[in-house]
Every structure is written in C-alpha cells, then in structure tokens.
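Each chain carries a letter (A, B, C, D and E) given by its place in the written order, and its residues are counted from 1.
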Amino acid sequence: MFIAATFAIFVAMFLAIIRGITGPTLYDRILAVNMFGTKTVLLISLLGFVMGRPEFLDIAIVYALINFISVIGVLRYSDTNKLKHMPSDEKSLDKEL
Amino acid sequence: MISHLPVLQVIVPLMAAPICLLLKRSQLVWLFSLFASAIAFIISVLLLQQVMTSGVISYELGGWEAPWGIEYRIDQLNAFLLLIISGVSTVVLIAAQTSIEKEIPKEKHTLFYILYLLSLTGMLGIVSTGDAFNVFVFLEISSLSAYALIALGQDRRALWASYQYLIMGTIGATFILIGIGLMYQMTGTLNMQDLSQRLPDVAQTRTVFTAFAFVIVGVCLKLALFPLHLWLPNAYTYAPSIVTAFFAATATKVAIYLLIRFTFTVFGLSFSFTTLPLQELFLLLGLTGIFVASSAAIYQKNVKHVFAYSSIAQVGYIVVGFSTSTITGLTATLLHLFNHALMKSAIFLALGAVVYRLGNVQLSSFNGLGRQMPLTMAAIVIGGLSLIGVPLTVGFVSKWYLLTALLEKGWWPVAILILLGSLLAVIYVWRIVEAAYFKKPLAGSVPVKEAPLFFLIPIWLLITANIYFGIDSRLSLKVASAAAQSLLGVSP
Amino acid sequence: MDMILNISGALCLLVGSFLCISGGVGLLRFPDFYTRMHAVGVTDTLGAGMILIGLMFYSPDFLIFSKLVIILLLTLLIGPTTSHVLAKAAMQNNLKPKLQQEDNIKETSSSNY
Amino acid sequence: MIIGLYNDWVVVVLMMIGLYIVIAHGNLIKKIVGLAIFQTSVFILYISMAKVEGGSAPILAEGIKQFSNPLPHVLILTAIVVGVATTALGLALVIRINEAYGSIEEEDIQHLDNQTQDETELQATEGEQS
Amino acid sequence: MKDLFAVVMLLGIYSLLSASFFVAMDAVDVAFTEAAVGAGISTLLMLVVITITGRSEKTTRHKPLLALLVVVFTGSMLIYGTFDMPYFGIADAPIHSHVAPRYIQESMKEVGIPNIVTSVLASYRAFDTFGEVVVIFTAGIGVMALLSVGRRPEENEKTTAIDDSMHEQYLVIRIVTKMLIPFILLYALYVQFHGDFGPGGGFQAGVIFAAAIILYTMLFGLTTARKVINQSFIQFIAAAGVLLYGCVGIVSMLNGANFFDYNALASDPVAGQHLGILLIEWGVGCTVASVMIMIFFNFAERREMQQNNEKINNIEGDSL
C-alpha cells in the first residue's frame, strides 16, 4: 500500500514539474513549486514507512516549513519592479488568452 | 605545549580571526593580527627545528588514531612550507596598516584583517593536514577568503576578477572533491598515509586513473599552470597591494605543495611517473607556460600585470623542476618555492608602496621614479634581478640547481630553453628599470617622496633575506634537500 | 483490531493517492492559473491530509503519531494560506481569470506598462 | 554492469549538465546556478556510494543490524555547507558587479573592461607624449 | 530557458528532489541539511539577487563548442572511471569494509550516542566540522566586506511609509506567520538537542532558526527586524560560536589531552564526549544561524537601498 501511494505521489510530482517548466506565468511556476513541496513532504513521510524506519519524520516537518518560507519569499520578492520588466510572461499570457 | 605545536600552528590564526571581530578598532586589530601571525611564525620555526632533528611529527586530533580520526602530519616538506607561509604573512602584515589606509574604506579594515587571517589559516591548514578531505575544507576556507579579499580592490575590475576566480576556483575544488571521492571509493580511507599504502593494490583500475586525473586538474586550476592560468593576472593586478603580495608569495605555493603531496606521497612515485605520462606532460606545460607568460609579461602596460604574468612563468620553472622527479630536481623546486616567495612578496610590497604614493602602477608613471623613491625602486630592481637569476641573489641558486638537475637527466635542450626563458625575464625587468632610471618624469606629474617606513622595513627585510640566502644558501638548501629526500623515500 | 487499523489506513492512503494524482492532472490540464490553483489547493490539502491520516493508522508508537499530527496541522495551516496569498498576489498583478475574454486582453495590455 | 553502475552514469550526466551551464552561459547568476547543480551532483555521487543493499540509516536502533556507511554522509554535510557559502559569496559578488557595471552578462562586462583598458592606455600614451 | 526566475524555481525543485533521493539512500542528516539549505536558503538568496539584477538573460551563448568539448571530455573520463567501481549497494565494497565498520560498531561504546553521523561529525572528525564552521564564518565576513554599506543613513520618511504600506496587503499571512514563528524557533531548539538521537544537529538547527528570522524580515520589513536583532549583536554571536567551538578544543588541550579530545573534559570519557558534543553543537548552531541572518540582511539591505534609489529617481523624474 505504501508503495502504491509513493508511486501516486511520484506521478503527481512529475505533473507538477511539467507545469513548472512550461509556466506560462510566474504564478503557475510558484504554484507548481508549492505543490511539489507538499508532495515532497508526503513522499518523505511515506519513504520512512516504506523503509521501515519511520522515526525520521522530522525531515518532513522541515520540508513543510521551508516550503512555506520559500513560497512567501517568492511572493514577497515577486512584486518588485524588476521582475515585471520581463516581458515574456505577459506575452505568453496574451498568447494564451 | 610542545607536543601540541602542529595544531597550534593552525589554531592560533584561526582563533584570532573571530577575536578580531570583537575588537573592532582597526589599529588594535592590526596589532593583534600581526601578533597572531608572528606567533604562527615562531611556531613554524620551532616545528621545523623539531622535524629536522627528530623526524616526522604526527598529531591525532580528538585523540582518535589515524584512519578514523584526522591526523596532522608534519614532515620536512610541510614544515618548510609552513615556515614560508607564516613568515611571508608576518612580514607583509607589517606594511598592511599603511597600505590599506589608501586602498580600502575605513569601515572595512577590520573585515580585511579577519579575512587575511582566515586565508592564512586556510593555507596553513592545507599544508599541515594529513587527511585528504580536510584538505578540501581548508582549501575552501582559504579560497573563500581569497575571493573576498581580491574583491576589496578599488577598481571595479577587481570584482570581475574575483568572480572569475570564484568560478574557476570552485570548479577546481569540486574536481578535487570528485577525485577524493573516487579514491575513497576504491580504498575506503581518507588518510593520506593510509591511502598511499592501500592505493598500490588497486592502482591498475580505471577508477584510480580518473581519480588521479581529477585531483591533478583541480590542483592545476588552483596552481594557475599554463592553460588554466586565465584567472590569475587580473586577480593579482586588481586586488589590494597587500593581498597581492601575500598571495603571490603563498597561494600558488600551497597548490604546488598539494601537487607534490598527491603525486609523490599519496599516489606514489611509480604510479605517477611510470604508469602515466605525467613527466612529459608537465615538462611540456611548464615550458610553454614559461614562454607564453614571459612574452605576455613583456607587453603589459601595468607593472602589476607584468609581475603577475611573471608569477605564471615562475610556476612553469617550478613545474619543470618537479617533472624531473630526481632529488636534485625536487630540491630545485622546493628552493624555488622559497626563493620565489621571497622575491615576489618583496616586489609586490614595493609596488604597494608605489601605489601608496602614486595611486597607480602604470608603467608610464614609473618614469623617473628611480630618483624620487630610490629605496623602493632599488628593491624592485634587486627583486627583478633575482627573477632573472643573477648571481648573489636567490634566483641564481634555484636556477643553478634546476639546470644541474636537467643536465643530470641529460635534458640539455630543456636547459637551454630555460636559459632562453630567463632572457625574456631580462627584457621585462629592463623595461621597468629603463622607465625608472633613464626616463624623465612626466611633465606635470607631482614629484613624490620615498615610501613610508612601514613599507621600507618589510621590503628591505625581504630583500636582505633574498641576498643573504643568495650568498649563503646552506640553510635553505639543507631543508629543501632533506624534504626532497624524504619525498623520494631516500634516507638522508 | 490490527486488521481494522490496517484496512482503514490503506483506505485513507488509497483515497489520498487518488486525490494527489487528480490534483496533478488538474494542475496540468486546467485552462488558467486560477482554476489550476483551485485544483491544487483543494486536492493538496485533502489529499495530503488523507495520506497523513492513513499513515497515522500505521504508526508504531506515540512519538511518530504526534509528529504526523504536527505535519498535518502544518499542512492544514500552510496550504490554504499560500493559496490565498498566491491568488491575491496574482490578482494584484493584473492576472485576470479567463472568464471575460474581451476585457481581459485590453486590461492586461494596458496595465502592464 | 548496467544495473550496477547506472546511478553513477546518471550522476555523471547531471554533473556535466552543471559544468556545461557554468562554462557556456554568459549570465553570472546562471553560472552560479550551474555551479550549484554541479556540486549537488557530486553530493549525489558520494551519497550513492554510501548505500548498502539492505542497510538502514546510520542511527542505531534495536533490531537493525546493517547500516549504510556514515562517513560519506559526514563529508557531504560539510560539503553542503561549503557549497552554500560559495553560493552566498558568489551572489554577493554578482550584486556588486551589477552595481559597478550595470549588467550581469559576461559579454557586456568584458566589453566595458576593454573600454576602460583602452582609455587608461590612451591616457598613458598621451602623458608620455606630452 | 531565458527566465532566471524559472531557473531558480527549478533549482529549488532539483534540490528537493535530490534531498528526497538522499532520504531513499539512508542519508537522513544530509537530506535534512540539503532541504533546509538548498531548497530554502540558497533559493531565497538567489531570488533576492534576481530582484536586484533583473530576471531576463541574454540569449547569446559564448564558446558553446569549447564548453561542449570540455564537458564531453570530462564526462567520458568519469564514465571511463566508473567501469572499475564497485557496484551500487554491494556490502563488501572497500568503503564498507575499511574505516567505517569501526564507527558503526564502536561508536556507541566510545562516544555513546546513537546517531553515528553525529558522533563521526562531532567527535571522530570534529576538526572537519570546525573547518566547516570557519567556512561559514568566512562566507559571512566575506559577504559583509562586499555588501555592508557602513553607517545606514537615517531612514527617509517617505520610503519607510511606502515600505509599510506594502505590507498591509499581507494581513492573513502575517497572522499565520506570527503563529508559526514561535513554533519554528521551538522546533529549531528541538533539532539542536535531538541531533544525538535522530537526524539534526547544530547546523540544521541554525539554518531553521535563521529561516524563522528571515521569514519575519520578509513580512515585517528589514527596519523592524533590525530593531529586534542588530548588526553588531549578530556579529558577536557569529564570532562567539566559532570561539566556543575552538575553546572546547583548547580546554581539552589544557587538560592534557589532544585538541578536541573530549574524553578529557570530564572524569568519565563518555560523559566527556557528551559534554563536548553538546558544546560544539551549540557553537555550530550559533555561528550558522547568525551568519545566515547576516548574509540575508546584507542582501536585503542592498535591495532596499537600490529600490529607494529608484524610487527617489522616479519621484524626481516626475517632479521634473
């Protein structure tokens, strides 16, 4: 059962990576990274059980925290002028719309 | 306390660095770091004495015996290098306070001394340790502080030079890390002594070849051996003068030490030189390095650039001596390490004095300087003569031994090439002499005074040592040949 | 007793895995940022919750159980918050939902510079 | 052989991707990213050599007999720290370079440098002539 | 990929992935560190830098051929080297049979803590770890030497006002953060002390602690954070950490044993080891936390300075 769940998480992670690479907007990437982070937390917890040493959940807690902090960081720093100079986001957005 | 000397050697400057951060006042910090460096120097003298009388000293950190814990292992070679590094550092530090006053903003003086001490610590640590991974850690301490120190230069090109050095240096360090990893994978140990015993069993495997290649390439990046030298000239030119004087005399020496240590001690002579074409390779690279760098030095407009390129050429001489792998050749290499440290630190300190008075070191602003700053210019000239290899200077001694070693091997074409290389040195030194003594000062340039005393003392200390060891080379020769003999496994 | 624990744990894991995959598919297939965020936000919180609860059924001792509870609480706290902030930031930077197509193109092109 | 060594090969490919980025890209931040990838791949090399089939994490517990090798873990802990230190210093340099040159592209910087070099040489020759 | 922002995000993902791999390879301590450092701190630092320098990359690649050549050569060299490597996972490879067995079998008796990684890190190879702390310290000093702006000019009223208004939008997140920060700090302490028994230790704890402070700084502004923790205080802690670590060694030396020989710290060797490891972990934690905070503050300060300049330029431009 653990194996099956691990596999499911791998699939979800893979999908998130695709979204992270393709974009198209900044926020899609952030979303993908965030989802990837949560999935990693689950993966680590599951791996502990798969390998029969579930004591190492501490790592999962750290992941959850770090994930939160980096998403906040991304958002905090994404609303500066410099980042908006990048035209490709808006262009691709236009294309998509 | 005597038995703890090997570790104190590294710990004293290391612990002094954070204390400097707490002291804050720059004058005080200068005195304190000078003090720490001087203690390190005294320790290195004691260590050398001890090693020469009683042989290899081994110190087990944490009380764990060698392959499990980290071992400090001081033999003649280490002790010799420790002496060079801490000695140069102490002498150069005397001039530091005066020099950085003009070159570095006031609030960064404390940080400068801390970084300087950390860099010293890193180099001492690399040299004294007997553990391959510990080398990597201390290599990074010295490199990181070196990047920051170089970036402190006034010119914005210093930043760019430092960045390039950072990229190259990190690639080099990572290569060394890969090499150490592969060695570890084949033998299961990190201790150099243990490695040297266990490597012959697996010497014929492809993994060990790769490990060797990666370590050597990584070290050569740090060493600025000919095709990998691109980071060095700008880094030396735009760094603060004190930093240049310190690094030119020590940084490449430490890399050469690593090269010698890995090829001779860890992998062993037979592996490095018989199974692999290392000898021919190094000979070739060394010779090309001498010619390319010396010719490049001739065309430079900035005097610091001239001597930076000359450093690369000197690395070439050292590597040629190293590639003979005979006792005389190695003695020449080690002597040249010592001698080159003496000349280059004196020359770059003198250039620092010129920067202090003039604000730049363009060749054109040297015009007529021979009369305005006679003592400083005389030092540069003596240093330059020593670079050429004129008798009565140390340069002559090491070149003499190098030529003897080459002739012993029967490589007389190489010997002729070396002499030709020295001719190139004559040209670039002459250009400076010509500007300083035979040209009139530029119209409209303000005449300058002689350099301040805090510059002259260290410069002339080094120059006196230069001449002394040029005339009476028994002491340095004794140590160098003892180190060479111990490396080649010949009992002295 | 063990049997019941195992079965309910397996069930939770199964549901959680399904939710995670569906969230991933949603992230990939939905048309614009806000709908994608909806897919991720909802399934992530529930899916992660289910998987963690499922693991709790299997946990051998109390320490591990309590760590899982902490992780669960963290996810419950952090997931919605990030979703909220993300949506808000996107909205403030003039990323419009795909609903009203005609106004949208005008507005994005006028407000970006 | 393929099964026994495939992970090493994957690591090699990752390392080379990192190294390629460092050498080929002109953007200074991207170079640092490349370095980070390069270093992380080396960490993977070390860690994968520590694994023992059937072993467990090297934390002693009852009922577990075989452990993976703890020494590479220790080494890599140190190496990670070194890596982050290098990254931080490199990024600090990038900030300063950006302030001094107004660009973080290698080409632009080299171009600007050549200009200043020419200028100083020009001044020097002028001075000599006068 | 021309968008540096995306590059950094993907680097974060790569780091998370490799950390998961480390867990699968039993390297829990390493995974812990990689997660906190690679995915957390370095990603954040890179983000800050991108906001300063701009996020697009020029398309030109210079010397791609040379690069390819070097890379192919190095890569094939490495592949060549792998052919004689011991296969993955086999238990009788040299690394598993020479030095490591002693750590696994004897460390409980000699050092007395269950986490072998910690006992190797803090006792057998304590000097490496000392070096690591010094590396971090060097990086902190280096960043300070490069970026510190000396005396901060008195805060411009206008800019602080702008700065404050910018935070108003983050009401929800501010509240959640306020709830989380004490928990994170507490957790950092837990990691600090639990390093002997599970994954964790001074370094990881320091990074987590620093992450909490960084989170606070991001949401409440640099000026506020500076009021809580001022520059000279952090410098003091950073130096004190290194000194504490070194002093453990010196004390053991004064007690007549070798440097870092903890056995000499107490009458009972195992108790001495415990004491020594506890102290040096504290040293590591202090230095790492304060240096990380220091680096982040310096980066953020530069960013703020630059933005203020831009704003002032904009205002002046408008008035003209």
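Everything below uses one rule, namely that a contact is a pair of C-beta atoms (placed from the backbone, for glycine too) under 8 Å apart; a residue touches a chain by one contact, two chains touch by 3 or more.
Only a predicted model underlies this, so the values are computations on that prediction, with no experimental measurement involved.
When the partners of subunit B are compared with those of subunit E, the chains appearing in both lists are D. Counted as hops between touching chains, the shortest connection from subunit A to subunit B is 2. Summarising the inter-chain layout, the chain whose CA centre lies farthest from the centre of subunit B is C. Of all the chains, the one whose CA centre sits at the greatest distance from that of subunit D is C.
Measuring from the average of all protein CA coordinates, the nearest chain centre is that of D.
Separating the CA-averaged centres of subunit B and subunit D is a span of 25 Å. Distance from the subunit C centre to the subunit E centre is 29 Å, each centre being the mean of its Cα atoms.
Subunit C has its Cα centroid 57 Å from the Cα centroid of subunit B. Distance from the subunit C centre to the subunit D centre is 34 Å, each centre being the mean of its Cα atoms. In subunit E, the residues that reach two or more other chains under the touch definition are 26, 28, 50, 52-54, 78, 82-83, 85-86, 93, 95-96, 99-100, 103, 125, 128, 131-132, 135, 138-139, 142-143, 146, 173, 180, 198-199. Taken residue by residue, subunit A touches two or more other chains at 30, 32, 51, 55-56, 58, 61, 65, 67-68, 72, 78-79, whereas all remaining positions touch fewer. Across the assembly, subunit D contributes residues 15, 19, 49, 56-57, 59, 61, 71-72, 75, 78, 82, 85-86, 89, 93-94, 96 that each touch 2 or more other chains. The chain pairs satisfying the stated touch condition come to A-C, A-D, A-E, B-D, B-E, C-E, D-E. Taken together, the subunit A residues at the contact with subunit D in this complex read 51-53, 55-56.
Put simply, subunit A touches subunit E in their complex at residues 17, 20-21, 23, 26, 29-30, 32-33, 36-37, 40, 43-44, 47-48, 51, 55-56, 58-59, 61-63, 65-70, 72-74, 76-83, 85-86, 88-89.
Remark: subunit C residues 9-10, 13-14, 16-18, 20-21, 23-25, 27-28, 32-33, 36-37, 40, 44, 48, 51-52, 54-55, 58-60, 63-64, 67-68, 70-71, 74-75, 78-79, 81-82, 85-86, 89-90, 92-93, 95, 98, 101, 104-105, 108-109, 112 touch subunit A in the complex. Those residues of subunit B whose C-beta lies close enough to touch subunit D in the complex are 133, 136-137, 140, 144, 147-148, 151, 156-157, 159-160, 162-163, 166-167, 170-171, 173-174, 177-178, 181, 184-185, 190, 301, 362-365, 367, 442-445. For subunit E in complex with subunit D, the residues that touch the partner chain are 4, 7-8, 11, 14-15, 18, 21-22, 25-30, 33-34, 37-38, 41-42, 45-46, 49-50, 52-54, 57-58, 60-64, 66-68, 70-72, 74-75, 78-79, 82-83, 85-91, 93, 95-96, 99-100, 103-104, 107-108, 114-117, 120-121, 125, 128-129, 131-132, 135-136, 138-139, 142-143, 146-147, 197-199, 203, 288, 295, 298-299, 302, 306.
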